[in-house]
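Every chain is named by a letter (A, B, C, D, E and F) in the order it is written, and numbering of its residues begins at 1.
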Amino acid sequence: MICLKKIRVGFFKCGNIGASPLCELLLDELARREDVEIRTVTTGSKMRVEDVEEALPKIFEFNPDLLILISPNPSISGPARARELVSNRGLMGIVISDRPGKRIKDEIEKQGLGYIIIMGDPLIGARGEFLDPTEMAIFNSNIIKVLAITGVYRIVCYEIDRVIHALKAGIRPTLPRLVIDTETIRDNSDLKNPYAKAKAMAAYELTKTVAAINQRACFIEKERAKYIPLVACSHEIAQVAAKLAEEAREIEKYSDTLVRRPHSKDGKPRIKSKLMSQPSLDEETYQKWLGAS
Amino acid sequence: MICLKKIRVGFFKCGNIGASPLCELLLDELARREDVEIRTVTTGSKMRVEDVEEALPKIFEFNPDLLILISPNPSISGPARARELVSNRGLMGIVISDRPGKRIKDEIEKQGLGYIIIMGDPLIGARGEFLDPTEMAIFNSNIIKVLAITGVYRIVCYEIDRVIHALKAGIRPTLPRLVIDTETIRDNSDLKNPYAKAKAMAAYELTKTVAAINQRACFIEKERAKYIPLVACSHEIAQVAAKLAEEAREIEKYSDTLVRRPHSKDGKPRIKSKLMSQPSLDEETYQKWLGAS
Amino acid sequence: MICLKKIRVGFFKCGNIGASPLCELLLDELARREDVEIRTVTTGSKMRVEDVEEALPKIFEFNPDLLILISPNPSISGPARARELVSNRGLMGIVISDRPGKRIKDEIEKQGLGYIIIMGDPLIGARGEFLDPTEMAIFNSNIIKVLAITGVYRIVCYEIDRVIHALKAGIRPTLPRLVIDTETIRDNSDLKNPYAKAKAMAAYELTKTVAAINQRACFIEKERAKYIPLVACSHEIAQVAAKLAEEAREIEKYSDTLVRRPHSKDGKPRIKSKLMSQPSLDEETYQKWLGAS
Amino acid sequence: MICLKKIRVGFFKCGNIGASPLCELLLDELARREDVEIRTVTTGSKMRVEDVEEALPKIFEFNPDLLILISPNPSISGPARARELVSNRGLMGIVISDRPGKRIKDEIEKQGLGYIIIMGDPLIGARGEFLDPTEMAIFNSNIIKVLAITGVYRIVCYEIDRVIHALKAGIRPTLPRLVIDTETIRDNSDLKNPYAKAKAMAAYELTKTVAAINQRACFIEKERAKYIPLVACSHEIAQVAAKLAEEAREIEKYSDTLVRRPHSKDGKPRIKSKLMSQPSLDEETYQKWLGAS
Amino acid sequence: MICLKKIRVGFFKCGNIGASPLCELLLDELARREDVEIRTVTTGSKMRVEDVEEALPKIFEFNPDLLILISPNPSISGPARARELVSNRGLMGIVISDRPGKRIKDEIEKQGLGYIIIMGDPLIGARGEFLDPTEMAIFNSNIIKVLAITGVYRIVCYEIDRVIHALKAGIRPTLPRLVIDTETIRDNSDLKNPYAKAKAMAAYELTKTVAAINQRACFIEKERAKYIPLVACSHEIAQVAAKLAEEAREIEKYSDTLVRRPHSKDGKPRIKSKLMSQPSLDEETYQKWLGAS
Amino acid sequence: MICLKKIRVGFFKCGNIGASPLCELLLDELARREDVEIRTVTTGSKMRVEDVEEALPKIFEFNPDLLILISPNPSISGPARARELVSNRGLMGIVISDRPGKRIKDEIEKQGLGYIIIMGDPLIGARGEFLDPTEMAIFNSNIIKVLAITGVYRIVCYEIDRVIHALKAGIRPTLPRLVIDTETIRDNSDLKNPYAKAKAMAAYELTKTVAAINQRACFIEKERAKYIPLVACSHEIAQVAAKLAEEAREIEKYSDTLVRRPHSKDGKPRIKSKLMSQPSLDEETYQKWLGAS
């Protein structure tokens, strides 16, 4: 069933959200997968139309079988141009973005693209009196921890892997149309302890609160005395969210029920829970992928 | 003194270290810098020669004035090929890498490249019974926090900015030749409280311990019953290191002495410490850059 | 200026919010104030019209100079009836309530009553599979801590004291028309350290998040498998909010700048900050009260 | 077996102890109980004879089937007068109080009243240089958390419910004669993990230590330089006690064995432990109540 | 003023209290003091008369100028015999012991010996179902931390050094007659922040609570089901006390005011507070020693 | 099988390592063992040849059946002299020491002595600007906690007990030749949860890091500005190591699987795990001892 051809997966990132920095690494965390070839092109934190138009073609030249577009707010001009170009080219594409993306999901669908909207991937507190490279990195560290532990990354990874495996099997994949909200965490969690799950959900709710506050702080409040405390406040919440998520994961460690899903060399899903045990093929997931795609 | 031309900075990443995921974002954390153009190309977690040979030219096509190569162990074949290609092309290049890079720093220098070796950027616990996408992301989250708070990212950013500003001023920059060890943290810290600095140094020492344990766990121990506890142990240390770093930063918050260095629109260095104050031009640093380069 | 007559302050509570359990105690925390007489009547957790009609007259019989009505959602029938009865009687009354009260603040004003709407005083996770007496008490403990440390209680106390002092001075008091949101915390905080204030604001934002989740969990989700994780999640956030608030207060302790405002025997405002010092008359506040009322 | 008549439960509070603020809410935490009618009258923090004589009759007017008197030290004149008035009236009454109550328990019994003496419900650090409304509320928050998690509130609630159910069943109830000390916690805990129980007991011991220190600080030490550190010290212990109690509860969450006892609509005892399960009738307790009363 | 002769200080320990394990090390923490010669003899955890009679002479043979006797409860036969033998021999001796020692302090004084009674040096939870070597060591670790941070060790060290310096100066020293209770901590603390001091006092109060509980658990409760929870509870408190003490010390670090008193080579007292500064001679203390002795 | 004669165990300590302060207490934590007689002689923190030569004979006079020599670095002159004297005397001796001891283990073996080298028993930060009696005690407290919880003390105790029981049984014991490194912890842990074990191993790795840093700080760095931050950094790591170890132990409490090994009166090994259960004879260990010795 495994095709010999490697699936080529391209990532194009313009601007940054919590899902961006590690996204392509999620697919091949052990750097040993033989069924995929991964390439990424990014424009740094900039997301203007000209950045997109200059940089996006480089990822096209790589001939991806699947192209992942990751950016904040996909409705603004740069990311919108990226969607348009990918759609026009008829490429199999998935948009990964944050809350504002939800408003244009029908538009994305009409463009023939898939989407994964991460409601809890928050805007950073981008105020020049507050945000410097160090603060930016710490914020990303906290959000990464939340998105990892709550299972958001796992869901993203699952969807991309599902498409990859369909492509490998020669099946036309259904592209993901997914809005990841707290309910998604609740209904798709690998956390076995119900309080761990509640804490993970809480962490995710907190990142949504961060997003709302930063929206206010970055776009509404005009006075320094008003917006600085707000961005400082939102980043404190991000820190607390990371701690809460960590606590959720600790609970699973305490009962040795932490689920791990390391990729196999051939990319098939594997699963394990007891730390000292070996992962085994996750046949159920694998069949679902082939069936559902 | 500011030239009108934007400096084009390319990043090429193959494989991943803690310095990789956010590196280009550090230069323009507020996404408003008008003096630089940033592009990145990566090969995901893979770092074979063929990955490099296929992907590296894409970043050349972008015509970078400065090219940053980031990878684990720059002596192995893929990253070595990347160095060779960049050197041959006569590009201004800086290698950013982890501890094994220290052994070949003279070789890098001979290739006409700069280097920043981060001794505390540790190997991940890449064992297939342990590392899955979630664990990988959490580990990176922890290392990012340590590298941010200890000031490693600031030092990296400082060095790249220094070169950029020299290029803008039409001065031939001295490329960095820097090994960042605990002593570097000690002697270049923005942390005002001496105990905060001691805790930051401690966090950095811990990531070095992580590196040493994972070296053992990934390359020396052969039995599952022996290496699983070791990788689990090293990731616990990474978690503790992140907490310790966070504690260091909290101390500075407690006395409102936390130094922030947000970039200005024209890329010049700025600095501030009291949260509610405004950043001002860091004239001293700026003159040092122009003088030292 | 001090009249000899004691001001009689009545409290009527039906149902419970975070502001309820300690409200009257805030006015006389040292139990030695000689200028006020305080009486409270409550209906427990029930807030039906019949409860109000039976119990409210008892507080009238006490002849209060000022009557504080505290309940959740003042628009529902029981609390609405209470407002009506107080208004009809021409009593000087202040409604203290939670977020839903904001929608009817004009109506309250038309009734000649004052109001203090506490946006961050959240609905409890009142689901029968989750909430028992112990969980209820713990939740209240957490919310009390947040409302205390963020300064919400201080603001409530300030407003009531302001009215009391006007009455004592024979001035017709302006009743409070106040919505306490995060911005109120920001602009009226006794916390001297800006990060302490940011953490306090964060704690308050969290209680608002708790409110929103419990709204969903109690009134929208119908299936047990869906609402139980939500109420558990919201109470985890309440716990974290309390910790964050506590952290804010600790910061002030660390620099010995914690402001304290113990009441004097004659009810005049006093203030101090260093732990070992004595409180002194807060003349500024006192004059503002007499002037502003 | 259920009588149609609602049992009317009155609460009279003068002064405040940790058991006071939420006491009546414990009986009907979900605000849906149909078998009881609850009314409370309080005198705020004051507990003089005149306060009692003015306010107590209001609760009599409500015709309670059962009257709960809650105050600090029931031997001082105000609370003593309350006991006397209730006893003279022949009302079924229960005194809930703190450690000093133990000395007069025989006297209370002679008055025909029940009692619940909570040895770990500590005196507050009522010194005018230290205690302000905010500190008072935080202290109560901490004590509430300890009394809730250690099971003290559950025991209080159990005893009142027991009497209510006897009254409903037309049985003459035995009034509680109970001194709640650490041994009571030990022998009546819902905490399943023995270390959780040990931590809960530790938290309770700490509140007893708080009581002893505040006794010294409020009534023995005369110099400011001596008593301020003592009250500050005791409130630190209260904070630590709350954390320790919280830790005890977390342990139960970690193994999903946290017992919950939500009231049913008809007031019958229910019990559950796994978070996602439904509570069921606690038949054993119910029969004990009917038999024991 | 310094005599050339080294002062010989002997320690005799029978049984163990928190002051025992490190006591002689306190005098020469840098192992470079040239004015004292230190020798210790111990009988392990045993403290019978025969142990004392066999072992004590060994320390006599060392010809100590000053002999420190450390044991639990100095009134029981073994330690009592030790006191008697030292007193008979006319040696300059100081008894260091725990709470039960307070009852016989007059007797000790009559024997011509000094004493330091440490009220917060608690009995261990010596029950055979609970205490094993690991638990014993952890308990000691916690108590050591409390005694160190609260300043108890500093006071003990101060008193012994005072006597040593008097001996060196040829002055007849006044032997210490000291009961170290919470008030001693309060009135002799090196902690500059008043909340740090309050937390340290709280930690010390907690060790006193530990002592009281273990007294009950070891000597009064007879049933396993009763005493095991009590010893477990007391050791939880010891753990919390250590954390609280640590928190106190952290506060001083946060403001870089932590006082350090490293011994000089000639044994004279030195003092410093800022971490990066050098210690200087503590002339005030030194003169007090020479004057007071 | 039990001989009637008590085994006499002598301890000679010169200088101090983490294994020193409680070592003899580990053998008889309940002070009720009837099969051993324990005596200790120490020279305080000094470890010169003259200290050894004066003090060691006192422990010889006690006629020990087994003599334990504990000191830092056993290759330097004082401890070396101690080994020589013991070896010459033909006494059954065991050297317990820290990392530097590893280099001379063959030499120790040749002297006919056993050894236990504790790789994670770190050098203290012995710099005169940093280390005072309080800091020294806190450091020891932290190391003691790590050595206790990781099981190092248990292993030390096991080895000594093994020799004692052989002597009691009239069997010639094999002296221990043991280097305790992280792998020893991993392969001999009583911690049941694999994450608890990973955390314990992490704690031990940290103490090894402490050792390495203090080595640098005490013997290599010459400038105050360089070594003070290093010793401060290492002691921060020691504190974190203690916390991590504590966390490991808490995990075992959370599942009530904490293993305890209290000594019986006759010294035979006993074992238990559930808190409320009774210890039983550890027959397996006992037979191993008799067989292996």
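Couple of notes before you dig in:
Quick note on the criterion: a contact is a pair of C-beta atoms (placed from the backbone, for glycine too) under 8 Å apart; a residue touches a chain by one contact, two chains touch by 3 or more.
Predicted model only: the values in this text are computed from it and were never measured.
Counting only chains that touch, the fewest steps needed to get from chain D to chain F is 1. The chains touching chain A as well as chain C are B, D. At the interface between chain C and chain D, over half of the residue numbers involved are used by both copies, so each side presents largely the same positions. Taking the CA centroid of chain E as reference, the farthest chain centroid is that of A.
Once the centre of each chain is set as its mean CA position, chain D and chain E turn out to be 41 Å apart.
With centres set at the average Cα position, the gap from chain C to chain F is 58 Å. The mean-CA centres of chain A and chain B are about 23 angstrom from one another, to the nearest whole unit.
For the pair chain B and chain E, the distance between C-alpha centroids works out to 49 Å. Residue positions of chain C with contacts to 2 or more other chains are 194-195, 198, 228, 232, 254-255, 275-276. Working note: touching chain pairs come out as A-B, A-C, A-D, A-F, B-C, B-E, B-F, C-D, C-E, D-E, D-F, E-F. Residues 253-256, 258, 274-276 of chain F touch chain D in their complex.
By the touch criterion stated above, chain D contacts chain F in their complex at residues 193-195, 198, 251, 254-255. Touching chain D in their complex are the following residues of chain C: 15-16, 21-22, 24-32, 37-47, 54-55, 58, 61-62, 126, 128-138, 140-142, 144-145, 147-149, 151, 153-154, 157, 224-225, 228, 232, 239, 242, 246, 249, 260-263, 272, 275-279.
Residues 182-183, 186, 194-195, 197-199, 201-202, 205-206, 208-209, 213, 226, 228-230, 232-237, 240, 243-244 of chain F are the ones that touch chain B when the two sit in their complex.
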